[in-house]
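Quick one: the structure is below, and I'll ask about it shortly.
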Amino acid sequence: MNPPLPPVPLTLEGAAILHQMMRVKWSRWRELSAAAQSEVASEAAHRLGDGTCSAAYALLGHKADLMLVHFRRDFEELAQAQMGISRLALSDYLEPASSYLSVIELGLYESTSKTYQALAEKGVEPHSEAWDAGIEEVLRRQREAMAPRLVPAIPPTRYLCFYPMDRKRGEQKNWYTQPMDERARMMHEHGLVGRRYAGKVRQIISGSIGLDDWEWGVDLFADDPLVFKKLIYEMRFDEVSAVYALFGSFFVGLRFAAQDLDEFFSGRIPLWKPPV
Amino acid sequence: MNPPLPPVPLTLEGAAILHQMMRVKWSRWRELSAAAQSEVASEAAHRLGDGTCSAAYALLGHKADLMLVHFRRDFEELAQAQMGISRLALSDYLEPASSYLSVIELGLYESTSKTYQALAEKGVEPHSEAWDAGIEEVLRRQREAMAPRLVPAIPPTRYLCFYPMDRKRGEQKNWYTQPMDERARMMHEHGLVGRRYAGKVRQIISGSIGLDDWEWGVDLFADDPLVFKKLIYEMRFDEVSAVYALFGSFFVGLRFAAQDLDEFFSGRIPLWKPPV
Amino acid sequence: MNPPLPPVPLTLEGAAILHQMMRVKWSRWRELSAAAQSEVASEAAHRLGDGTCSAAYALLGHKADLMLVHFRRDFEELAQAQMGISRLALSDYLEPASSYLSVIELGLYESTSKTYQALAEKGVEPHSEAWDAGIEEVLRRQREAMAPRLVPAIPPTRYLCFYPMDRKRGEQKNWYTQPMDERARMMHEHGLVGRRYAGKVRQIISGSIGLDDWEWGVDLFADDPLVFKKLIYEMRFDEVSAVYALFGSFFVGLRFAAQDLDEFFSGRIPLWKPPV
Amino acid sequence: MNPPLPPVPLTLEGAAILHQMMRVKWSRWRELSAAAQSEVASEAAHRLGDGTCSAAYALLGHKADLMLVHFRRDFEELAQAQMGISRLALSDYLEPASSYLSVIELGLYESTSKTYQALAEKGVEPHSEAWDAGIEEVLRRQREAMAPRLVPAIPPTRYLCFYPMDRKRGEQKNWYTQPMDERARMMHEHGLVGRRYAGKVRQIISGSIGLDDWEWGVDLFADDPLVFKKLIYEMRFDEVSAVYALFGSFFVGLRFAAQDLDEFFSGRIPLWKPPV
Amino acid sequence: MNPPLPPVPLTLEGAAILHQMMRVKWSRWRELSAAAQSEVASEAAHRLGDGTCSAAYALLGHKADLMLVHFRRDFEELAQAQMGISRLALSDYLEPASSYLSVIELGLYESTSKTYQALAEKGVEPHSEAWDAGIEEVLRRQREAMAPRLVPAIPPTRYLCFYPMDRKRGEQKNWYTQPMDERARMMHEHGLVGRRYAGKVRQIISGSIGLDDWEWGVDLFADDPLVFKKLIYEMRFDEVSAVYALFGSFFVGLRFAAQDLDEFFSGRIPLWKPPV
C-alpha cells in the first residue's frame, strides 16, 4: 500500500498585510487650532503615500472610526509601516481598537490533488527530497503566473468589507479531517458563487494561521456595499460556509485619499476619486 | 436530471440603518453652564431634524443612556450622518458604547419558491442570463409594490426594542442546510405569530450579513413595552426561533423628540408627542 | 384532528424592575469634605425614599460596590427613576458596572394546560376571539388573586442574591421544543424544592425576554446568605435546572437603609434594621 | 416502590472567603514621598493583621499584581473586611481586577449515600421532619469532627494557586444527572490522586453556587509551585475532571507578610518567613 | 487482573517562563525630552541584560507593542524579574496588555509507556514506593540527558510566534479519556511534521496547567515568519491538532537587542544582530 498523500493544500504567499482599526479622539482633536490640525493631517497624508500600498477608510459604526490597510513586501516593511504610524503626531489623536495581521494567500486546491497524484504515480515518496523538489517546481511556476495577484495594489474601490474567519473543527463537523478531494470539491463550488460576482467585487484572501487569532482574513472591495451582503448571503448556503465557516467581526469602510485626511478630520466623509 | 434550484431566498433591500448606542458623560456635562448646555443641545436637536429619519431614545439600563437611530437612502448618506454626530459639540459629552449597521430587508420566502419553480419549468437554467432577468423582473415588481416598507419613516411609537440575531449553524441543527421548502414553511409559521400582534407592534427587519457581526437586526416599535416580552416569548416556541435563533444584546428605549434633547440632558425623560 | 394547543404558558406581569450595579469612585469621593459628603449622601437618601420601591445593597466582590434595586409600576416610572439617579450629585462618584431590566412574572404553568384543555374541549379554536376572551378571563381572575405578588414591596431581608438565567436551546436538549406537559411537570418538581425553603427565602422571578440579555432574572431574599447556596445547589439537580438552565453572573449584597448611605460612603457596612 | 433518594450530597459550610485581585497603580504610587509610602503601607499592614485570616500574595503575570485573601466567620465580617480595604489610603493606589466570593465547603459524598440509605431503611421519608432531623444529626457530628478544617487559618505556604471551576452540564455529559453512586465513585477516585500529594500541597475547597459565577473555588497551598502543575495535570485524567470539569482563570502568587507590604511596594518581592 | 497503568505521561520541567505583552503610551513618552528618553531606555536596557534570559520583541498589530520574554531558573527569580520591570522608570510608559506564565516542559510520551510497562512487568504496583523510585530514576536520567533543552538560552532568531493552547475535552472528543497508546501515537505523528521543519524553526513547549489559563504555551523561533504559517497550517491536519487542539491568541514579534531599546522607543524597529 502506498503511503497516504499529504492532507495540506498547496498555497502561495504574497504581500504581508496589516489592518489597523482606530478610534479618533475627537474631543482632543478639536482642541487643536485649525493650523495645527492641518499640519498634523498633512504629515500623516504624506506618510500614507499615493494609496497603492496604504489606504484609509472611514468606518461605519462604533467599532472604530478609521481603518488603515497596509500591503507590504514582507513583515520587516510591515513592522516599519506600523511603527511609522505610531510616530505620527496624528497618533496622539488615535486609539487602537483592533487590527489584523495576515499574508496574501492563493490556495491551490485545484492543482494540489493533481500534483500529489502525479508525483505519487511516478513513485515519488511524500516529503522525500524529490517530492519537495517536485512541489517547489509547481509552486515556482504558479508563483510566476500569479505574480500580480500575489503583490497587488490595494484595489481602488469606494467600499471595503473586512472580516476574519476560521474553518470549524467541531466534534462532528471538522474541516481538517475531511479528505482532500471533499475539501477541493467544496472549495470549487464555493468559487463558482464568487465567479458570479466577478466585476462587481474583488476578493483578496489572506492567511493568518500562526499570525493572528483567526485562520484567514477576507477583504472584499466594491463600489456598491450591498454587494457585500448579497455575495456573503449567497455563499452562506454553500456547504463549505454553511457547515464549516466561523466568522469574526465585520468592518465596513468608505475609502478616501490620504490627501483628504484633513477633510475627514474636519468632520466630512471625503469623496473618493480613484486614481486614473 | 435538472440542476438544483438555488438555496438563497430572494430579498429586497431598502434604507441603510445605523443604531448608535452612547453613554452620557454626566459629570462632564454638569460642568457646563445652563446657557452652554442649552446651546449644545439645540445644535444637536437641529441636526437630528424632525424625527423622520433620525430618532432619539432614552435607554433603560447601563448598556447606554442614549440611542440614536438613523434611516438613510444609502451608505454614503449614513456615513455622513454618523460623521455629523461626531462633529456636534454634544459628542464631547457622549461615549460610543455600541452600534449596529444594517439595511432594511424584505425576505420574499413566499414568492421565491414559486419564482424559482416557474423559471425552472420554463427550462431556464439557474444563473443564466434569462434566469437573472426573470428574477430581476420579479424583484422590480415587488420593489414597486413594497416601496413604502423599503424606505419608511421611523415609526413614531414611544418604545423601541432593538436586538441583532443569527440563524444557527450547529453541527446537527443548521438553518443553512435546510431545504428551501422547510425554511419557507418555518418562516411562514413564524409570520403567523407576528400577524397576531398587528396593530400592537411594528416590526422592521434589517439584514446585516457582510455589514455587522450578526446576520439580522430586529427593531420592534410599540407603545406598550410589555408587548415586546409577549411577542418574543411567544415566538421563541416557533420552530425557527426555538431551534435556529441566536440572539445578541437587547436595547429598550423611550422615544423623545429631538427638540426635547435639552430636557433629556437636564435629567428628565421627556414626554413623547408623536407628530400628527 | 384538532389544531395543536399553543406551546406558550400563560404569565402575569407585574412591577417593572431595574437592578443597577455601580462601582464607587472611592478616591474621588475621599477628596470631598465631610460636610459635602454628608450633603451628597443625604440628597441620594432622600431620592431613594423609604425602601419600599428602591433599595440599596453593599455588594461583595469586585463586580460592583453598590446595587440599587427599583420596583416601579411601569417602564415610564422606571425610566424616571433611573434618570433620577443620574441627576444626583452622588452619581459623579458612581460608575455603572452592570444592570438588569425585567418585569415581575408569575408563570401559570399549572393552570395553562387546564385552561387550554378546557377551551379546546368547548371547541374554541386557539387564537380565535373566543379563545382570547377565555384566556383574558383566566388572567383577570389570577391577576386579582395574585395582586400582592405582582406589585410587592421589596422584601426587607438583610441579604439579596440576584442572577439572570436562560433556558437552554441546545442541539439536543431544547426547553422550547419540549411539550407543554413535560415542561409543566419539570416546573412543578422544581417548585417542590423551592417550597421546602419557604420561610427562609423569598423568591421573585422577573421576565426579561425582549427586555434584556437573558430570559429571566431571579432575586432571592434571605437573612442567612448560606441559604442561597443550599437552595440553588439543591435545585441544580432538578431536571429543569440540571439539563435546561444557563446562568449569568451572581450578585450578592447586604441591604442597608437609604438614610445610612452616609455611613456606607464613610466606609462602614451599615447595620440593617428592617422597618416594622 | 420507595420514593427516590435525594440527589444532593451533604455538605458542611465553614469560613466565608473573599479573594481580591488588584492591580497596583505604580506610576501614581511612585509620586508619593518615601515617608508617605511608608505610612500608607504601614496602615495597610496593620489592617491585614498577623496573616491568620487575611493574607497578601504577589501575583505572577498581568492579571493583577496583588492578591488579598480573607477568611472570616461569616458574610457580615467579610463585608466589613472588604470595606476596610476600600477605606485604606492604599486603596487609592489599587485597582480591583477580579475577586471571588465563596464559603469553605466539605463535601460528604462518602457518608451521604450511607446516611440516605440508613434513613430510608428505617422507613423515614425523604424531606419529612424525621428525615431532616436525621440529616441534621449527621451534619452536627461531622461538623464537630471537622471543626478545624471548617474555620482554618490561612495555610502559611510560600505559594498559592487559586482557580474557580464548574461541573459540566453538557447535552450528553451532565454531572448533575449522574446517579449519586456514580458521582461518589468518581469523587472517591479523584480523592485518591489528591492523597498522593499529602504533605506537598494543602487544598481548600470552597463552594460558590449562588454566591459567585462558578460553582466552586479551589485554593492550593504549597512551597513548591511545580506541585500545582503536577497535581492538576494528574487529576485532569480522572474521569470527574477529564469529562466534567470546567476551569476559570488561574492565579498564582507568592505569599509575604503584611508587615513587608512596604518592601513589596518599594519594588522587591519580600521573602516569606512563615510564623512559628 | 493487574491494576491499570497511570494515564499521565511523564514530563520534565525546566526554566520558568513569563511572557509580558505591553502597550506603549506613545503620547506620554513623546512628552519626555530626548535626554530623559535616553536615560529611561538605558536603565531598562541594563535591566534586560545580554538577551540570554530576557528578550524584547516589537509586536505586530494592536494587541500590544512590546513583548518581553523572561526565562528564569525558578518562580522566585521570575517574580523578581517581573517586579524589576515594574520598578523601571520605563514602566510609567507601558501598560500591561497580556501575559503568560509557564514552565518549560519536555513531554516523554515515547518513554512513558515503556517505563510503565517495564515496571508493571516486574510486578511493581503503580504509585508504590518502588514505582515512584523507578519513575524518579528514569526522570533523573532523562533530565541529565536533556539538561540543555530544559534551561536554554532564548533562541536568537529575528521572529517569535507565541500562543497558548488546550487539548479539547468535548462531549465526544476528549483528549484526556484517550488511552495512553493512542495519545502517544498521535503525538508521535505530530512530532514527524515538526521534524520536517528542523533547522527552520525552533520550538519551545512550556506547560501551564495550574499556572495560567491554558494548558500549554508554544514559542516558535524563526528567521522567516512565513514558516510559522506553514508549520502550523501543516500541523493543523494532524489528528492531534485537527481534533483535539484549541488555540488562544497569537503574538508575532521582531526581536531586537536590549541596547537598541532607545531606537525602538524613538520610533524605528531596530535591526537584529544575533550575538555571535
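Just so it is clear, A, B, C, D and E label the chains in written order, and each chain counts residues from 1 on its own.
Rule of thumb we're sticking to: contacts are C-beta pairs under 8 Å (C-beta built on N, C-alpha and C of every residue); 3 or more make two chains touch, one makes a residue touch a chain.
Owing to the predicted nature of the structure, the values given are computational and were not obtained by experimental measurement.
Q: Count the smallest number of chain-to-chain hops linking chain A with chain E, moving only between touching chains.
A: So the least number of steps between the two chains is 1.
Q: Can you give the rotation angle that fits chain A onto its twin chain D by Cα atoms, in degrees and rounded to the nearest 5?
A: 145
Q: Looking only at residue numbers at the chain D/chain E interface, is the share used by both copies over half or under half? Answer same or different.
A: The interface is built from different residue numbers on each side, given that under half of them are used by both copies.
Q: For chain B versus chain C, what separation do you get between their C-alpha means, in angstrom?
A: 29
Q: In whole angstrom, what separates the CA-based centres of chain B and chain D?
A: Roughly 47 Å, centre to centre.
Q: List, in ascending order, every residue of chain D touching at least 2 other chains.
A: 171-172
Q: What's the contact topology between the chains, one of line, ring, star, complete, other?
A: It is a ring, because the chains touch in a row that closes back on itself.
Q: Given the complex with chain D, which residues does chain C contribute to the contact?
A: The contact residues of chain C facing chain D are 23-24, 26-27, 30, 58, 60-63, 65, 159, 161, 170-173, 196, 220, 225-226, 228-229, 231-234, 236-237, 239, 241-243, 245, 249-250, 252, 254, 267-269.
Q: Which residues of chain B touch chain A once you look at their complex with the stated criterion?
A: These residues of chain B touch chain A: 6-8, 11, 13, 18, 20-21, 75-76, 78-80, 82-84, 86-87, 91-92, 96-101, 103, 127, 169, 171-172, 174, 176-177, 207-213.
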